[in-house]
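I have placed the structure first, in the form of C-alpha cells, so that the comments after it can refer back to it.
For reference, chains read A, B, C and D in written order, and residue numbers begin at 1 within each chain.
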C-alpha cells in the first residue's frame, strides 16, 4: 500500500496506448503527408512525435499516377498520388534504418491489390525491428483497382483485416474510408476481424475541372480531398465510430492546430494525426503536442485520457 | 423547308429543360437558402432566375431544431435547421400567391416522415397553380426520423419516388444525399422509379465542437456541411451520376460564381443551384447567369447545352 | 415595431474612409454608403464581407453605430474577437468593402412626447445605442434621454464620452467599481427605477451581453415600464431572413393548442424585440 | 548537382521590408531572413504562406531573386496571377510573413574557369536568374556571362536593367519585335550557338515557360553544350519533398527491365535539372 508519491501538480500525462503501441503523446502524422520522415527531420526531432506513420507501402514499387497529382481547393486540396512508393524492400533496407534512429514508434501504412499482397507485406514486416504497427489502408481512393473496393463494405474490410491478422502480432490499425453510407458498421467489422485500433478518416473522393481547358485538373480525374474543408465530416465520423466500437481511434482530417486536435479527442479519438497541416506548417505536429498540453493545463486536467470522448 | 431565319451571331441560348420544366437559363437556387423568395426579392427581380426552388415543405408545420442551428467551418458552414417550415397550407395560401407574381417556374422541395406524407403533399401540390416541379428531399441529414433513412438506399429512394409519382404529373426531381457509398446506384433507382430529373448534392453530415465548453456547437449535435468546402465532392458525384443515368441533373454544392457553375455543367449538370452562395452574396444567382453567358461567348459557344458534360 | 424602411436593403461596395482603435481591441470604422446612411434607422445592422477568399466564408453582422445622412457615411464600432474582425481591422482607407444593409428592424422610439427614455448599454452593446441616442435626441430632445453605460472596468466602458457629447445625461457603472457607480449597470438601472413610483412613461432600450439584457428585461417587467426593447445578437448565417438559422423563441400572442411560442428570425424579425416577448433560456 | 546546403531549411517569420510594382502586374518584395540569405544558393526557392486563414490553404513557391548576405535580406519577384499572389501583394512593410526555405537544389555553376555561361530568361523566369547571374559573376567573373532575356514585348521584359547593372552582356528578344532581337529568345540562343563551332565549354541556364525551356533543351542537345540546366515550376502541395505531388519524369541512368525513367520530385530533387535528363511532354 505504501505512501502515494508526491506528484508534480503541473505534470500532465500525455501518454496514450493505441492497441498496444505506447505513444508518449497523442500526436502522429497522417500517412502520405510525411514521407518516410527524412525530409521532416530537418524541421524537428522526430523523437518528439507520439508515433511516426509512414507513406503507404506495397509489396513491389508503385509508380503512382501521372502529373498533375494535386490541386488546391477551398480550404483543402485534392491529391491523386496513386500511392507512389518504392516498395517493401526499400522500406526495410533504406527507410527503417533511418527511422530506427528516433525514439518513436513507427506505424507502416500498408496497401495492396489483393488479399495475398496485404498478407505478404504484413508477414514480412512482422519481424522488422522498429516497426510497431501496421495501418491497413483499405480505403485509398486514387488507385483504380485494389484497395478501394475492400474498404467500402464491412465484408471486404473484414477480409483484409483477417488476412493481415493471420500473419502478424503487430498492432493492426485499420484505416477507414469516409466514402461510405455507414462508417460505424465497417468499423465494427474491422474490430470483429481483429483490428486493434482504427484510424479515420482517409480522404473524400472529389474532383476539379478547369473551365477554360474543359479538362479535369488531375491526370487521374478524381482525387482525395483533405484539409480543413473536411474537418466537420471527419469529426462527425470519429464521433459515430467512437460510440459504436471499443478500440482506440486515431482521428484525422483537417487538423491544423491544437484546438482542432482537441475537438477530435473530445469526439472520441485517443490519438490524432496531422496530414495536410504538415504542408502548411511543417512544425504543425510538434506545435500541436505543446498546444494540447497547454489546453489540458488551462482546463485543469492531468491527462489526455481524461478528455477522450468527453464531448456533451 | 423555307429559309433559315438569320440568327444574331452573338445571341446565346441559355435555355434548358429539366424533365419538362423549361428554364430560361440554367440557374436556380438551392432549397433552404432562398426562403420562399420574399426576402430575396428586395435584391433582384426573381423573374431573372431559371427557376425558384423553395424551402423544404411538409404536410404540417415543423418547428425545426433548437438554437444554435448554424456554425461556420473552413470555407463552409454546418446547418441543422431541422426543416422548420410553416407547412403545406401556408405554402399554398401565402407563399404561392407571392411567387406567382414572377415569371419563373417554381420547384417545391418536399419533405415527409412517411411515404404517405410525401404522397399527400404531392397530391395536393399537383393542382396548385404555379407549381412546376417537386424536388423530393429524401436526404435531409438534420431530421432524426424520416427522410434520411429513405435516401441512403436505392430501395428507400425508389419507394418515395414511386409514392410521389403515383400522385402527380408534375416534374419530379429527386434530391440525392452525398452521404452514401454509391450515389450512382441510388440515382438509377430514382430514375427507374419515375424521377424525371435529379438534383445533387444535399449537405454532407458533419459536426463541430467547442473545445472550451467541450460541447457540440449545434443543438442538434450534427448538421449538414455546405459551401465551397464541399465543391470537389459535389462535382465528383455529379460526374459519376451523369455517366450512369440519362435524365437531366441539377448540380449544386459550393457554387459561388459563374466558373464554379460551369464546372458543374461540364461535369454533366444541365442546370445548377446556388445555395450557401446566396448568403455570401445575395446577388450571386443573377451574377452567375450573366457570367455563364460571358463564358459561353468567350468560348465561342452558342448554347449552354453545347457544354453539358463536355469535360474530358 | 416593426420599424423597417422598405426596399432599401441591397449590396453596396462601400469605401473605407478610415478606421482606428478607440480603446484596446475596439475599433471604429467609417465607410461611405449614401443609401445605407439615408435609409437606416437606429437598431438596424449591416452584414459585412470580411474576406475576399472563402475563409472565413460568411459575412459578419455589425450594428450601425452612427450615420451621417448628409455626408452619406456610416460607422461601425467593433470588438476584435476572432478571425473575421481580425481581417476587418486590417483594411486601410480607400479599400472597398462589400456591405449588405441596412438589415433588420430598428428600435421603436414611441409616439408620446411625455415619455422618458433610458438607454442601457453593456460592453460592446454600446454600438447600436449611440445611433439610438442620436435618434432619440432628434425626435424627443436630449433632455428626455438618460444613458446608463456599464463595463467591467473604466477601461472597458465604451462610448461614454460620445454619449455625453450628445448632451444626454450619462451615468457609468463599473463591475470593479473603478469608476462611476460600483456594480453592474443593471443594478444602476434598478436603482433608477426603484426611485420612481410610476414607470409607465418610461421606455427602456438595451443592448449588451445576453445575461445583462435578460436582467434588464426582468427589472423592466417588475416595474411595468411602457416599453423595454432589447437588441439580440444571435449567430447568423445569411443575415437576410432566408436560412432561419438565427432564431429566437418569442411568445405567441394567443393561440389554442399550439406551443405558446414561435421561432422568430433575429435578423429579419429583430434584432430588436420587446423584452417581454422573449423566452429567455 | 545536387548543390544543396544541408540543414538550413526551416520555417522563418520574415519581416517584409518593402514591396513595389516593378512593371505592370510584377512585384518585387524584400524580406528579412538572415538564415535564408546566408544559406541559399541560386536556383533555390522559398515557400510562402500567403493567407492567415485556410483559403488559399497552401503555401506558394517563389524563387530567390536576390539575397544580401550581409544585410540578411532576400527578394522575390512575382507576377500577380491568382488569389495567392493577390493576397501577397497586399502585405505592407513591417508585416510578418511565414517563409519555409531555402528549398530545393540550386544551379550547378561548374568547376572550370574556362567555361562560358549563357543565361536564358523567359518572362517571369527571370526571377531566379538574377540571383544566378550574381553567383556566376562572383565565382567566374561577369565577363564570362551572357544573359538573353525574352518577353512578349518591351513592356513584358523583366529584369533587363538589373542584368545590365551586373555588368554582364545582356541581349533582349521580343516576340513582337518591339525591342532588341525580333523573335523568341530561343531563336536568339540558337543564333548564338550557331556562331560557334564548339559549344563544349558552354554552360546554359534557363528558366521560363515550359515550352521555352523545352526548346532551350532541344537547341542545347543539338549543340552538345557542356551543361544545360533548367528550373521547373511544377505545381506543389508541400514544397518539402513529402507529398510526391510535383513529380517530373526523369531519365534513369541505366537499368534492366524497369522503365527508362523515374519520377523525381521537383521541389526536393529539383527544381533545377539537367535538361537532357528531362522527359518533356
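Structure notes:
Throughout what follows, contacts are C-beta pairs under 8 Å (C-beta built on N, C-alpha and C of every residue); 3 or more make two chains touch, one makes a residue touch a chain.
Since the model is a prediction, treat every value here as computed from it, not as a measurement.
Within the contact network of the assembly, the step distance from subunit C to subunit D comes to 1. Counting C-beta pairs in contact across A-D and across A-C shows that the higher total falls to A-D. Averaging Cα coordinates per chain places subunit A and subunit B 35 Å apart.
Centre-to-centre separation between subunit B and subunit D, using Cα means, comes to 48 Å. Looking at subunit C, one finds that residues 54-56 touch two or more other chains. Annotation for subunit A: residues touching 2 or more other chains are 74-76, 227-229. Taken pairwise by the contact criterion, the protein chains are fully connected, each one touching every other. Considering their complex, residues 73-76, 78, 152-153, 179-182, 204-209, 211, 214-216, 222-223, 225, 227-233, 235-236, 239, 254, 259, 262-263, 266-267, 295, 307, 310-312 of subunit A touch subunit B. Those residues of subunit D lying in contact with subunit B across their complex are 54-55.
The residues of subunit A lying in touch with subunit D in their complex are 32-35, 39-40, 42-43, 63-64, 67-72, 74-77, 79, 81, 84, 227-229, 256, 276, 278-283. Here subunit A touches subunit C in the complex through residues 74-75, 228, going by the rule given at the top.
Chain contact summary for the complex, subunit D toward subunit C: residues 51-56, 83, 86-87.
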